[in-house]
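All chains are identified by letter, namely A, B, C, D and E, in their written order; residue positions are counted from 1 within each chain.
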Amino acid sequence: MTPLAALDYYEPWWAQLAKSVVIFAVVLQMVPLVLMMERKLLGRMQARYGPNRVGPFGMVQPVADILKLLSKEQSRPHSSVGPLYALAPAISILTAVAALAIIPFGPVVDIFGTDVGLYGIDVDIGILYLFAFGAIAFYGLVLGGWASGSKYSFLGAMRAAAQLISYEVAMGLSLVGVIFTAGTLSLVEIVEAQKGMWYVVPQFVGFGIFLIAGFAETNRTPFDLPEADAELVQGYMTEYGAGRFALYYFAEYMNMIVISAIASTLFLGGWLLPFGIDPPGWVDPIVVLAKIFFFLFLFIWIRATLPRLRYDQLMSFGWKVLLPLATVNALVTAIVVVST
Amino acid sequence: MAEVVFFVASLGAIGGAVGVVALRNPFYSVLALVGHLLSLAALFLLLRAEFVAAAQVVVYAGAVMVLYVFVVAYIGGADRPVRTTGPGLGLAAPLFAGALFVELCLAMLGSGLKAIDAQGAPYEAGFGSPGQIGELFLTRFLLPFEVASYLLLIAAVGAVILARRRRGLEEEGLEDVPTVTVADLFRLEPGVGTQAESGGMLQDRRERDERERKGGW
Amino acid sequence: MDIGWYLAVSALVFCTGAGGVLVRRNPLVILLCLELMLNAANLALVAFARMHGSGDGQIFALIVMVVAACEVTIGLGVIVAIHRRRLPVDVDELRELRG
Amino acid sequence: MPDATGLELIAQDIRDGDPDAVLDTTYARGRATLIANPPAIRRVLEALRGKGYTFLASLHGVDYWPDEPRLGVIYELLDMEKVDRISVKVRVGADEPHVDSVTDMWATADHQEREAFDMFGVVFDGHPNLRRILMPEDYEGFPQRRDFPIGGEPVIFTFNEKRVRGYPE
Amino acid sequence: MPVAGTDRPDEELLTINMGPHHPATHGVLRLMVKLEGEVVRDCKPIIGYVHTGIEKTAEDKAYWKVIPVVERMDYLAYYFNAQTFCMAVEQLLGLEVPKRAQYLRVIHLELNRIASHLVWLGTSALDLGAISMFWYCFREREKVMDLFEQSSGQRMHTRYIQVGGVFEDVPAGWADKVRAFTREMPRRVDQYAALLDRNEIVLRRLRNVAVVDEQTLLGLGVTGPLLRAAGNPWDLRKAAPYSSYEDFDFKVPVGTVGDNYDRFKVRMYEMYESVKIVEQALEGLPEGPFITEDRKVALPPRHELGTSMEALIHHFKLVTEGFRVPPGEAYAPIESPRGELGAWVRSDGSAKPARVHMRDPSFVNLQALPYMAKDGYVADLIATLAMLDPILGGIDR
């Protein structure tokens, strides 16, 4: 089969398999961790304890939650469209997981005498791969809302879809500056191009726009309109329960992790440390994880602080502020890159 | 391996295509087309057209079909029978399509193109990569590239004009609703959002004075 | 895989699309069928590009995508306008242009 | 509150315009009440509104059983300028409980009249939407009347939904 | 197609049933909302889901047993319910309430107002998406609840206010605890304001939203913070003082525009003013009896029962039958956290009221919702409903 990526070294099949399993296992384990972190941090920020009953310090709480959700009865509304109703959350989680494949946790290292890159795949199209799966994620939301056969879900899905595509544009444009500067789409190469200076410094505008759009893409506060529980009662997932709800829930946090990982890769230098510190290779994934958790903390912090925007404000902010800013940023970067 | 992928993907592509034509509800037709497009993207990958595959998904599945979904959701699926164009055309159309297929197959297979039975030209590194595409676009195909961008611009303007509401929000004073503009980013209203005020007094003085003047306090 | 197979798939999809345009009455679905035909052409173009080992075919495919996007925006705009004016969303009943 | 004399003056004023409008006045514990003739209620309220009582604070339904006429409607009017309250009472019989609606004069009367109708069965003629408001739409009887017993309402659960009266099979 | 996009394609309206079980309706309220896209074209409140027949129940109970029943109507402002009912009965009895009792009532009423506004603030912020506010507000509310518990033994529905006075004098040291609270509270309100009032998103969500002019509000019978936000300084505590409110120096916050922001600000400032009133009342708390000396109405002190035959008879009489109230009708309006709360009580001379009707401000104010929400966004409908602060227990009674 034609390789997806043009690797200039050979990776044996067992390395690919092992990598997939490790990445999947590690990041999947991160979701309960993030859940726990969110609940504990929110609790602390809101002058309460957060979960502290299940296990030591309540650390097993997410497991209990997931077990509870999985053991619930699967039910669906009368008016829903069965197959699509079941398919939608699966699409959501599929796209979230697939996007993990391109996140680099480190450079190519030598494992048992073979070169193995500490990432799923390193594709030429790099960021485009991400946006391709982002595009498919749209169907997870819309199908879920549409197939539920409920007006709340439908409204929520429409909001989610409109928000997703509006902010996808700004997000894409905000990354153009990084791509110009690095001269490549491959995430591994982008990280390596940041050896001298993290892109958060020259591309701070792009960084800001990317973060804001990332909040919108993951439906987090203050852009959590699709699931605004005050108005739409969880939006497109109103009618979902039990395991399928767990899938949506999982996908949402997975998306958070993906966005955090992309942000740390593109702007915070991935596995690189500042001031030329060059630790041994096994530290690299830990550095990436630490940066990811920094962004996750930011997500949670913002959630505890900000109220949500109104729909029209969200839209006009996306189109009238972020998009022009991102365009100007791309333009300025292009001029600077060409002139130097 | 490539054969299996090709088989699955082409089956998806053809199945999706048939679904588009045969399904009654336009919403399902749209979904079938999405399936078709994704299968096609897989075929593109097999043909080593990475960038085209990604563009296919991002542009088609991510933007064009999204438009379809919105419009279908807005207009609503009409559950009409598939074939009501009259028995004549309903019978003639499949015949025509079949004839067309035979003709195309004859044209291609009988064309005597030598390479058609081969795996294609030897693969070179960088084939179908964004770099190659970009280079072609900005050198040999600069004119089509520019024309295409103008076409897109015109289409966008046209669509906005076509789908503009003839009645509704604009006339009923909803533009009064505050919206965020670029200028607002740079305009700092007194007493809004600065750190000093959040740490200090609760109410900006101007507003309090105004309320006091109105006799509230 | 031989390039011929790709072309066969392309032909099949193209014919399905062509048949769909003739059979269906809903302009939305007709637009979808047009998309099918364009995509079939795209597949053929990319296959030929692979055959010759040059990127020209892919450039063509990308331009076709742009054209398709334009066609869709305008087409859907027209359909929405039709719907707004409370005309039937059905090509056989929309005879006004015929005079 | 207007004092007893003030109340009489107001009543006299209204009587000048319409001799039958005010049936009686009572003044007790600082509460001035005009008892209006039911057909003339709108005229009385209009006149009071002209005198500055522009705010309809509330509207109460009441059942004077066993006295006749049984049902009463009390309008609490308020003069926000002089901080002055006056109440207007109409009494109607239970067999023909018709009072003119004042929803067009005070929008607030909408829900309040509906409540009085719901609870006492006073029909407000001219009300745009005189339906039950607190009780279920298909409820029978007027629960706040004095002869309506305080008793158990069967609560519908799954096991007894077929047995509860009025539940569709 | 499972979702018919519109009711009628030519109108493009989508009817949505919000509630009765909806997280943002602040109770069991049902709204029939007609949407055009995201814009509310019509909104019809449907109520009655928690109608519990309190007024009917009250007719079957002795006067002093009615108090706990009416307290459960507006479950956030229970002191106010009891106060208005007791005031109406006192009016019928011609009873004078001792000064100390009046002050104690005021302290509790104002503390209750703060607690009620805190719940409003927390839930409103929650509706705007600011989830943390809810916990901060409930943290402070908890302190008020603790004060109530210390003075009356109950956190909610305290039955502290009695006909003729209050149930018991406040315990020793209570005043200091209240002072500690009143010292802390303004700082807390400052913090809330810093979180919300300094937040650009909140300002944009509230300013110039759901503006209804003063005249419309007056016609709708709207009172309380909603009316004051529109610029009318009508406050019964100032206009027609009851329970010694004339003794205290406080201001009535009014708005200028009548939008949601003004409603928000007015309530925020009311918390400061309530704190001021509580402080003044504590400062000037007069000595004297905490309940009327009239043994026909108030229970005799426990220690008299062992020595005085008369006291024993009164005690027996009151506990078994209750006191009789001369025939008549009374209406006692007070300023509750939501507006004019009035009890209309009719007595037929027996020991049970012949009719108790509450003019609940939530019930009346709710009628303004369609006026406020029309032609706004759905999200604004939720914010407006939050700023309206309806309590469904009071609406449905």
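Keep in mind that, in the parts below, contacts are C-beta pairs under 8 Å (C-beta built on N, C-alpha and C of every residue); 3 or more make two chains touch, one makes a residue touch a chain.
Just so it is clear, the model here is predicted, and its values are computed rather than measured.
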Comparing centres built from CA atoms, which chain ends up most distant from chain B?
-> D
Sort out for me whether A-B or B-C is joined by the greater number of C-beta contact pairs.
-> B-C
Measuring between mean CA coordinates, which chain is farthest from chain E?
-> C
Distance-wise, how many Å sit between the C-alpha centres of chain D and chain E, to the nearest whole number?
-> 24
Using CA atom averages as chain centres, what separation in Å is found between chain C and chain E?
-> 64
Distance between the CA centroids of chain A and chain C (whole Å) is 33
Intercentroid distance (Cα basis), chain E paired with chain A, Å = 46
Per-residue multi-chain contacts in chain D, two or more chains | none
Multi-chain contact residues (two or more partners), chain E = 3, 9, 199, 204, 377
Residues within chain C bordering two or more other chains = 83
Residue ranges of chain E in contact with chain D within the complex = 47-48, 51, 53, 55-57, 59-60, 91-92, 94, 216, 218-223, 232, 234, 239-240, 328-331, 333, 340, 342, 344, 346, 354-355, 357, 359, 363-364, 366-367, 396-397
Of chain B, residues touching chain C in the complex = 2-3, 6, 10, 13-14, 17-18, 20-21, 26, 29-30, 33, 36-37, 40, 43-44, 46-49, 51-52, 55-56, 59-60, 63-64, 67-68, 71-72, 74-75, 78, 80, 82-85, 89-90, 92-94, 96-98, 100-101, 104-105, 108-109, 113, 115-124, 127-128, 132-133, 136-137, 140-141, 144, 148-149, 151-152, 154-156, 158-163, 165-166
Which of the residues in chain E end up touching chain A in this complex?
-> 2-3, 14, 16, 22-24, 35, 38, 125-132, 134-136, 139, 195-196, 199, 201-202, 204-205, 377-382
Where on chain C is chain B touching in the complex?
-> 1-9, 11-20, 22-26, 28-29, 31-33, 35-36, 39, 42-43, 46-47, 49-56, 58-59, 61-63, 65-74, 76-81, 83-85, 89-90, 92
Going by the contact rule at the top, pick out the chain D residues touching chain E in the complex.
-> 28-31, 33, 54-58, 60-63, 74, 76, 80, 83, 85, 87, 106-108, 110-112, 115, 119, 132-136, 143-144, 146, 148, 150
